[in-house]
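Next come the structures, one after another.
Here subunit A shows up in two complexes: once beside subunit B, once beside subunit C.
Then we have the complex of A and B:
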C-alpha cells in the first residue's frame, strides 16, 4: 500500500516538460487542464446532486446544474414513491446484507490468504492458480445453477444466497488482495513468533492478522460497496417487496416514465450513493491504493 | 500479476531428531502442513459448492430443457442448435456485446493512459486528482448512476437540452436505436479511473534515467513515449486489456436499468448477459440460458488464451520489474 505512496513523493520527474524557470506557468497550465478534465468527469455527479434539489418545473426548463429555488420535496416524494413500503425499508435490507457480506469476506478470505501467503503445503501453487482463475470467471455462468440449488434449499427471498457464499470466500478477489499485502510483511516476524512457541494458528491470529489491518480495511470497504451496489444477484434472489434492497427500489423508478420523476429519482440515487461517497471521502487513499496494488476494478 | 504463487523456501521440518526432547519437531511440522488445508477449508467448500459444482451442473443443464418446476429433460444439442441456427435475437445480442467490447476496451484504456501520463509528475494535488478520477469507477456499476445516465441522456435531459441550446437537434438518446448503445458505451468509458490508477502505478516504476538516456539521443516527447514508456508499460497495458475485455463481456446493470430490462429500443441494447437473464428468469428456459452461459464461458476462455499467446509478441518483461 505504502509503496505507491512513496512512489508519489519520490517518483520520476514529469514525463513531459522539465523542471526549470518556467515551472510556475507550466504548473498553472497543468492544473488548469487537469481541472477541466476533472469537471467533465465529475459533471454527472454534480448534475445528480443539483437535480435532486430542483423543483419539477426547473428540471424541465433550466439547464443550470444547480437549483435556483432549492427544495427538499424530492426527498420526501422519493422516500414514499412506492405504495406500502418506504425507502427506509430498502435501506435496512441493503445494510443487513452488506454488513454480513463484509463479515463473511473478512473472515473467510483472511484465512485463505494466510494459507497462500505463509504456509507451505503440497499443491499450493496449483490451488493459487485456481483461485486467480475464479476471480476472472464470469458470474453470469454460475447464476442459473446457483439459483436452482438455492431454490431446492428454499433460500429464495432470503438473505442467504447473497450472504452465505461470502462466508465461504467466493469473492476470491479479496484473497488475492490480502495475499499481496501479506507477502510484503517480513517473514522474520513469523519466525520470531515460531521461536516464541506460536503455531500457525496463533501466529495468524495474534501476529499476522493485526499487521494486515490496512488490507482488511480496504477489503471491508470494497466488500461493503460491492454488495451495496450489486444489482444482478439481488434482482435474481429478491422478488418480494419485503426483501427489496436499495438497488431494486431505485430500479422501480424506471417504470414511472416522464420527467416529473427525475427529481425524486435523483434524490433517492443520492441517498443510495451516500455511503459510497462517505467511504470515499474518509478512505480515498486506501481505496485507490487497494485498487492499484491488486489491479482490479473498483 | 503473476499467475502462480512464488514458493517460499520450505520450512525445515523433517530433520530427524537425534535427541529425545526434540521429538516434538516432526509433529509440529506435520501440523504446519495440514494447517494450510485447514485455513483453506472455507474457500474449498465455497469453491466446491458455489463455483465448481454449479459450473458442472450448468454444463449438464445446457443439454436439457429445464423450467425449474419439472426435472431437467435431456435434449442433447437442441439448445445449441436453436441458438446458432434459429435465434436471431441471440446473434443480435452477440453483435451488441461485441460492438461494446471492441469500442469500450480501447477507448477506455486510451483515456486511462492519457490521464495517467498527465498525472504522472510530482506536483501538489496529484493525489486528490487521482482520487477524483477514480470516483466514477466506484459509482459506475450502481443502479443510481445508470438512472443518472437515463435522465441525462433521455428526453428533456441535460444532454438533449445542451444540444438544443447549441442549436443542434434535441435528441432522446435513450429511446433511439442509434444512440442508446453509444450512451451506454460512454458510461463505461466514464469509469476509466480504475485502469488509470494501475497505469499510474506502472508509470512510477519506470526509472527516470531511461528518459534522460533517450533525450540525449534526441528523442522528443513522442519518441520518449514510444520508445520508453510504451515498452516498459506493456505488462501493465496487457493486464488492463485482459481485465477490461473480460469485464466488458459481463456488463449488465446499465443496459438493464437504462432499457428497463428490455434491451430496447428494438433490442439495440440487448447485451449478451441481459438476454441470458431474460431467457432464464423471464422465459424460464434455464437449459437454454445455461447453454448461453457456457458459450460465453468458452468464448472468454478462448479469448483469454489467445490474448496470452499474442502477448508474447508485444509485452516486454524486464527482470522483476513487471508489477
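Then we have the complex of A and C:
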C-alpha cells in the first residue's frame, strides 16, 4: 500500500525510470495501481452508462454493469416521462438560469471584489468581515425569509429569484476568491495606470479585470456547475412543469411511494452530466493556467 | 509602453462582459414582463400541489383536465415533486405565506399544519365540501379536534405481500387469513429450512413503525394517546422486538444487513431480491412490488391476536384547502371533484389507493383489472376485518419512524440489547413528541 501511496503522490521516481529492467517493473506496478484506483473511481459512471441501456427487469436482478439485451428505450421514455413537456425543455430552463448565473456572478462579484481589494472607503474591513460571515450561514436559515420577500415581489415561478441574487453579488465565496487574487497583483500596476490617466473604473476594466482572468474562470466554472446542480432553490421557486429544471426532472424518477424508473433516470442523468463535463473540458486548460500562473510575478 | 498595449487587447474581454450583462439584463426584464399577464382573462386561477412520480402526474393531469372541462371558468395550475422534497417545499411555502390553494398532505403532517391554522375547515364555511359519500369513520381521519381539516384522497390497508411463486417452488403453503404470530414463526422457519437458508420467510418487521402499530392495535393499544403522547409502555416495545429478534435468530426473518435495505423502497428490498418470501407493507404499494418482482405476488391479511388483525382503513394521503387561499370556494369544488366524481376516479386509477367515495369505489372495484384488481379484491375481502381508523398521528411521528429504524437496526447488528434499545427509544421518543 505504501508503495502505491508514494506513487500516487510523486509519480514514478525519475531515478528508477531511466534504468533498465527494475525501473520498468516499478513503472508497470505504478501504472497498474493507478489503473485499479481509476477503475474504482469510474465504476459508478460505468454502471450508470450500462444501466441506461438495460431493460427495466434487468436493472434490479443483475449485478452486471453492462446490459445483456441492450435497449435505447430508456432515453425516449425518460425524455417524454412528464406530461406536456419533454426533458429538452428542462435542459433549456437549466441552461438559461446557469448562463445568467455565470454572467451575474462574474460581473457583480468582480466589482465587489475590486472595491474590497483596491478602494478605500469607510467601514471596508467591517463590511468585508460581514460578507465572509455570510458564507457560514446555512442555506435553510435564509430560505424562508427569502421566499417571503420574493413572494411579495410576485417573483414566484419565474427565473428572477434564482437569477437576480447572482447579479447582486450575494455569492460571498466568489468575492472572497477574487479579493484574495486581486491582493496578489502588485499595486504598482494600478499606479502606472493612474499615471496614464485611468480613473478607478478604467483601472478596473482595463488593468485589474484582465489580470484576474484565472480567478474569473474558476468562478465561472463553479458558478455554472453549482447552478446546474442546485436542486432545492429551483424546487422551491419553480412550480409549473414548464419551468422545471434538470435536477427537478431527475428527482421525479424516484418515488418511495410509487414506481422507481431507474433506466430512464440513468439515461437522463447521462445527458444531464454532459454539459457539466463539456464545460469543464473546455475550461480545464484555463483552470490549470489559473492555478499555476497568478498574474504577474516580479 | 507595455501597459498601454495591454488595455487595447484586454478591452475585448471587458466589452464581452458588458455585452453579456446587457443580454442578461434584457432577458431578466422579459421574464418580468411575462409574469404580469395572468388573471386578466376573467378566470379563477387555482393552484394544486401533490407528490408523486411521473406516472401519477399523467393520471392527475388527466383528472384536472376533466375538472376544467366541467368548470370552464376555473383554470388549475399544478405543482408536483417527489415525496421528501415536496414536504420541504411545502413547509417553506407555508412559512412564507405562499402555499397552493389545494394541498395534498401526508397524514403524519396533518396535526402540525392544522395546529398552525394553515388548513381551512371543510365541514362548514367558505371551503365547505360535501363528503357524505365517504365512510364517516374513514372521513374522520381528516379531523383535528372538531375541525375537518382534510379529506382522505385514497384508502390503503396493512397487509403481508407474499411471493406465491417462491412458496410453490419450496412447497410451503401460502398463509391464510386468521393466521397467528406463532404461525408466522413456523412459516418463516419452513421457508428458511426448505430453501436451505437462502430465503428468509419474511423481511424482519422490527424496523417498521407501522407494523408495531398493528401489533399494538391487535392487543387493544395504540401508538399514541388522544392527547398525542406515547400510548404504549417499554414492555410492549420489548415484547415486539423480542419476537422479531427471535424470528431473525431462527432464520425465519431476514438478517440485519438485508433488513436495512427495506428503507430503499420496493425496487431494492429483500422481496425484490428474492431473499425474503413475504413482507409487511400497505396494499397501495402492491403495484410497485409487483413491478419489481418477476414472481407472482399475493396479499395476505395480517396475523391475528384473539381474532383481531389490527388492520384499519388508512388514508394514503389527504387533501386540504390552504387558509391563505384567495379562492376557497373553487378549491373546495376541485377537492370535492377529486374525492367524489366518477370521472375523477376513472382518470386517477388506484395509484393513491382505493377511491374515497364508496359508491364510485364499488363500480371501480367491479371493473378493475391486473394489479388494481388484486388490491381491490383484497380490500373488499377484508373490509370486515378492519378495526376503526385511529386519529391522525401527532407532530413528531416522522421522527419516530426513523428512530425505530435506527435503534432496531442497532439491536439487530448486535450493538445493543433489546431492553437497552427499548429504553433508549422511549426516552428519545418522549423528547421528540414533547417538542
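Going forward, the second predicted complex is superposed on the first by the 229 of 298 C-alpha atoms of A that agree within 3 Å, B and C clash if a C-alpha of one lies under 4 Å from a C-alpha of the other, contacts with A are read in each partner's own complex, and residues count from 1 in each chain.
Note that in this section a residue touches a chain if its C-beta (ideal position, glycine included) is under 8 Å from a C-beta of that chain, and two chains touch if they have at least 3 such contacts.
Just so it is clear, the model here is predicted, and its values are computed rather than measured.
Look at A:275: by the touch rule set out above, it reaches neither subunit B nor subunit C. Within the superposed three-chain model, A:67 lies out of touch with both subunit B and subunit C [touch as defined at top]. Once the two complexes are overlaid on the shared chain, A:103 sits against subunit C while remaining clear of subunit B. Once the two complexes are laid over each other on the shared chain, residue contacts for A:148 go to subunit B and to subunit C alike. When both complexes are overlaid on chain A, the residue A:262 reaches subunit B and subunit C alike.
Comparing subunit B with subunit C, the partner in contact with more residues of subunit A is B.
In the superposition on chain A, A:158 makes contact with subunit C only, while subunit B stays out of contact range.
Look at A:231: by the touch rule set out above, it reaches both subunit B and subunit C. Judged by the touch definition given at the top, the superposed model places A:38 against subunit B, while subunit C stays out of reach. The interface of subunit A with subunit B overlaps its interface with subunit C at residues 60, 107, 143-145, 147-148, 151, 167, 231-232, 235-236, 248, 251, 253-255, 259, 262. Put simply, subunit B touches subunit A in their complex at residues 1, 3-5, 7-8, 10-11, 28, 31-37, 39-43, 45-47, 49-51, 53-55, 57-58, 61, 66, 68, 115, 117-123, 125-127, 129-145, 147-152, 155-156, 158, 161-162, 165, 190-191, 193-194, 197-198, 200-201, 203-208, 211, 221, 224-225, 229, 239, 243, 246-247, 249-250, 252-253, 256-257, 260, 273, 276-277, 280-281, 286, 289-290, 293-294, 296-297, 300, 304. Contact residues on subunit A toward subunit C in their complex (touch as defined above): 56-57, 60-61, 81-84, 96, 100, 103-104, 106-107, 143-145, 147-148, 151, 154-160, 163-164, 167, 189, 192-193, 196, 202, 205-207, 209-210, 213, 231-232, 235-236, 239-241, 248, 251-262. If you check the complex, the residues on subunit A that touch subunit B are 4, 7-9, 11-17, 27, 30-31, 33-34, 37-38, 41-42, 44-45, 47-48, 51, 59-60, 63, 65, 107-109, 111-112, 114-116, 118-122, 124-125, 127-132, 134, 136-149, 151, 165, 167-170, 172, 175, 187, 199-201, 204, 225, 229-232, 235-236, 246-248, 250-251, 253-255, 259, 262, 265-266, 268-270, 272-273, 276, 280, 284-285, 287-288, 291-293, 295-298. Chain contact summary for the complex, subunit C toward subunit A: residues 3-4, 6-7, 9-11, 13-14, 17, 20-21, 23-25, 27-28, 31-32, 34-36, 47, 49, 51-58, 61, 77-85, 88-89, 92-93, 95-98, 100, 265-268, 272-273, 284-285, 287-288, 291-292, 294, 316, 351.
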